[in-house]
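What follows is a pair of complexes built around chain A, which joins chain B in one and chain C in the other.
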Partner chain A sequence: MNAKAQKAKGCGIEPAYYDAVTQAIRSEAVKVLKEGAVSAVIGYLPGRRKSAAVPAVVTTEEEAGRLIFSPACVNNLSLYLTKAKKGILPGGKIGIVAKGCDLRALAGLMGESQIKRDDLFIIGINCAGVQGAVAAGNGQLTEASIAKKCRECTAHTPEGVDFVAGTLPHLDGLTPLEAEELARIEAMPQAERWAYWKEQFSRCIRCMACRQVCPFCYCEQCLCDKNRPQAVESSPRPAGNTAWHIVRAMHLAGRCAGCAECERSCPMDIPLNLLNRRMAQELKELYDYEASMAPQEKGPLNQYKEDDDQSFIK
Partner chain B sequence: MPQIITEANLRSLIDSLVKESKLVVGPKEAGSMVLYQPLSNGADLKLGALPRRSSKELFFPICEDILTFGKEDGVTKVKDVDRASFPDAVLIGALPCDAGSPSILDAVFSWDYNDDFYLERRKKSTIVGIACTSCDDACFCTAVGYAPDSPAGSDLFLTPLKDGSYACNAVTEKGEKLVSAHGSLFKEGAAADAAPLAAPDTAKLDLAKIKEWLNTHFEDPLWQSIADVCLGCGACAFICPACHCFDINDEGTPDHGTRRKHWDACGFGKFTNHASGHNPRDIQNKRYRNRIMHKFKYYDDKFGKTLCTGCGRCIRACPVGIDIGDILNKINVQAG
Partner chain C sequence: MHAEQVKHDFEPKVVAFVCTWCTYAGADLAGTSRMQYPPNVRVLKFPCTGRIDPVFILRAFQKGADGVLVSGCHPGDCHYMAGNFHARRRFAAFRALLDFVGVDLNRLQFSWVSAAEGGKWVEVVTELTERVRGMGPMKEFKELELEEQWSASLSTPELKAAYDSIT
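Right, the complex of A and B next:
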């Protein structure tokens, strides 16, 4: 294989980039643990499989020295700071490794008063991208394996963090896939679009991975788990599946940070992030709101302004 | 002399079975993945990839109606599902890690209570298993006593040959019947060399030792360390060939509705939530422990079998990379 072909295969991102980010994370994590600045660091450890990484809460310098950043570091770790994972963290300030997309979730959670900036030491990553589905192989990022969200990333460089790990390499522009797909679906006649989503939701097995992996699905009582009375059918059938996915998308409108973890986690490959993006588009048009790395005190759907658009009230 | 079937005849076999009004289920392309689905003809069969979900749903559907109820003249009448109408079925192209699961599940579905829905489907099904020729780094069938060429659970077992045909080994009477009823599609003859089998890169586990360790480690820091990252979703259980927990829900209105049985998962926080509000598995630690205990201790205690075929689906699907193969290896090492 010639050098040019190799570069194309690897998306132009050299493994040395990930090694450098890994080294930077390790030394900073070890330092803040040693100084006692944090009681734990939430980061990634290598999995048994070459193409896998696992989220981890490390509390010792030794463990911190094993932290990694690789294309397999897909998880949005902000989830581990939420109520959904309460009780797993020691008290005191917590260090957390965050990609740009994860930072938006951290900002959103701050805006919803779920976490406080002062309680965190954020190790931001100059992020070149991560893989989509975890696949077998050597773990190297290719144009075929890079996550769809990374193809259209606008958050490569972290903002408002305590430490920045790595230097962003030159990134070859990748064509957007998700935006095109969204436009294709948007252009469908309504009946066809409805048929498209019915087909997608028909595959849902109600494993709830999309809910459990979402940093914003921290409700202690989910409407969809209620059975007295039952609000959404819990059996995996078309009616309940459709209701669940619409409830999910609506409840995340104006809150979703766009990390696309729901879609990545779906074992049935339902393109859930298309719904999130559609909602985000709506929020942008109606309220000029978009998820950002800076915490905003109140999301647009959590407040009322007299000049809010009311044209939908008929 | 073994019986041989060519690939073309295997597809013709499916066509014939469909014509006989049998429900034929096999690996079929479904968008971005392969799933075990009803085949409408031989061309639908897609061999060579592990379907995303296991084949257990042929016997134990994701969701099924178990009765309907409705008010007539002020009296609630209940109508049973006619199980006699379940079709005769042939599961074709099930890999050993899937073909092996019904014979594990038979024990629990015919234990103190006979699950007539499962058993009726099971009785009416013939399983045509196929040796496995490709694997990835999540596969660990050989670690838990299965193998890429294990005919366990199959009625008829196919071994892919280098010339593209299949050697057929009738394991049970059902398998023999399937061959004799379609004799013209099979021929006796010398088999070509077998195609190379999959070779999972995994060491054999000492399941007896693992069970011994589990006997004495109900409380262990291991469970919390997994629970720290586990999200409590049901992805691992739902795509598992051996997980078989289900919930029963009445859906509809008090006047008219359906009682449904559908998959449930011990990872869910509400799985053991009692009507009183008490939840004996109130934290993820206890829930994940149950997953391992059930598979490698409780099921063995009760039925003498391990509730895992090493398909690796849970490893591939876990959103946070929890790797049961890795956990079992660690327990195996600790158990000495």
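Right, the complex of A and C next:
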């Protein structure tokens, strides 16, 4: 596909949309910093390479005037509010730029008493989508470069925020690639599923990027780092890898916000979000729980009902 | 008086994670009542089913278990009020995850056995042992344990050539 055809087959999202969101974020961030309503704003600044973006904590009006929103603003910034990143923020109320999926993470962190709503000024984005791992050369979003999570996003419009940036353009319906892949794996015979995941997990190099990037992996001592007694082998061998992936999926079950940051940051292209989504699907079916943009007091695995299903127990 | 000993080609290893208040006492009752049940089961005692982390089950499979049993107090009878209710949800989710990853759930049994149910303990353990015996050894996790495989196989001709050029 040449560049022109790609543009024609784009997602119907004009660069002007991103410019409008950028302007809205800038003026609001400058305003709240000027008023002294917040001591810092977590957002995105232009990266060093063309059409790149980097997460940043800005504390001055000048810096805030350089904030951007573009298809390269992939990071889930709620990570910077967690215990795992303590010490990087000044005290006081913090402003944060959040896409819909990031908002679900913020809500989850509030539900787990990691952050307080009153300590935040949330700039929500009417989000049309961001790019996946492979960016298009010109920095524009095309059907080939849009992130998989954005293809079937249910959180385009932010809820419960202090300021909404931008207006949502018309979005073309895209094929839900991830849901199709999930269905394909579920339809496999059991031995084939094992073989599939065995191959996937065997590639893992245990760099722990998926853990470091996850807003919910904020434990100060991860079970998987413990070695007395050791629960999960820490070297990148098949046995430990499989255990790590099962433990990770289990620890995030009922908490995961579906931001797909783990999968994006994985250098070995392991489809981690399929595991997350499978667990989310199960908890929806069993306990009617879904990650949402509104904080929920308890996750599905922190509560129970006396009549929960127990057909699998003798 | 001993029951007739039958010789089998394959004796499965079954690991049972049980809570101390109900199932452990139930198994004890089976013992003191001189009931017979397969000696294949290794019992590990925990304060509560709520303390039984899914990672223990993985570890058991990795270290050679062919079947795993998790058993505790009936709902409502938990010594700590709600441990087994929480465990019930956690294990429901865990089963779904194992299934998705491709583990045969017939090797993993959950049960409620109270301190008075020596008979049920015998029944549960016998059924699981015989089922697992029929299935043969659990190879999947043991294979992983034995494999030294570094970041995937030589799946492309380029990788293979690069590997072969190392002398």
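Assume the second predicted complex is superposed on the first by the 301 of 314 C-alpha atoms of A that agree within 3 Å, B and C clash if a C-alpha of one lies under 4 Å from a C-alpha of the other, contacts with A are read in each partner's own complex, and residues count from 1 in each chain.
Operating definition for what follows: a residue touches a chain if its C-beta (ideal position, glycine included) is under 8 Å from a C-beta of that chain, and two chains touch if they have at least 3 such contacts.
All figures in this text were calculated on a predicted structure; none of them were measured in a lab.
Superposition of the two structures on chain A leads chain B and chain C into a clash. Contact with chain C, but none with chain B, is seen for A:Gln310 once the two complexes are overlaid on the shared chain. When the shared chain is aligned, chain B comes close enough to touch A:Ser234, but chain C does not. After overlaying the two complexes on the shared chain, residue contacts for A:Asn75 are found with chain B alone; chain C is out of touch. Touch criterion met: A:Arg278 reaches chain C, while chain B stays clear of it.
Legend: residue contacts after superposition of the two complexes on their common chain; A:Ile205 is shown touching both chain B and chain C. Of the two partner chains, both chain B and chain C are touched by A:Met268. When the two structures are aligned on the shared chain, A:Ala20 is found in touch with neither chain B nor chain C. Within the superposed three-chain model, A:Ala56 lies in touch with chain B and out of touch with chain C [touch as defined at top]. Put simply, chain A uses residues 203, 205, 236-237, 268 to touch chain B in one complex and chain C in the other.
Chain C meets chain A in the complex at residues 53-55, 58-59, 62, 75-76, 82, 85-86, 88-104, 109-112, 124, 140-141, 143-145, 147-153.
Partner chain C is touched in their complex by these residues of chain A: 185-186, 188, 190-199, 202-205, 223, 231-232, 236-239, 242-243, 245-247, 249-250, 253-254, 268, 275, 278-279, 282-283, 286-287, 300-304, 306, 308-310, 312-314. Looking at the complex, you find that chain B touches chain A at residues 30-33, 52-53, 62-63, 136-138, 227-229, 231-235, 237-239, 247, 249, 251, 260, 262-263, 265, 268, 270, 283, 315-317, 319-323, 325-326, 329. Considering their complex, residues 47-57, 72, 75, 79-80, 84, 87-88, 134, 136, 203, 205-209, 211-213, 225, 227, 230, 233-237, 261, 264-265, 267-269 of chain A touch chain B.
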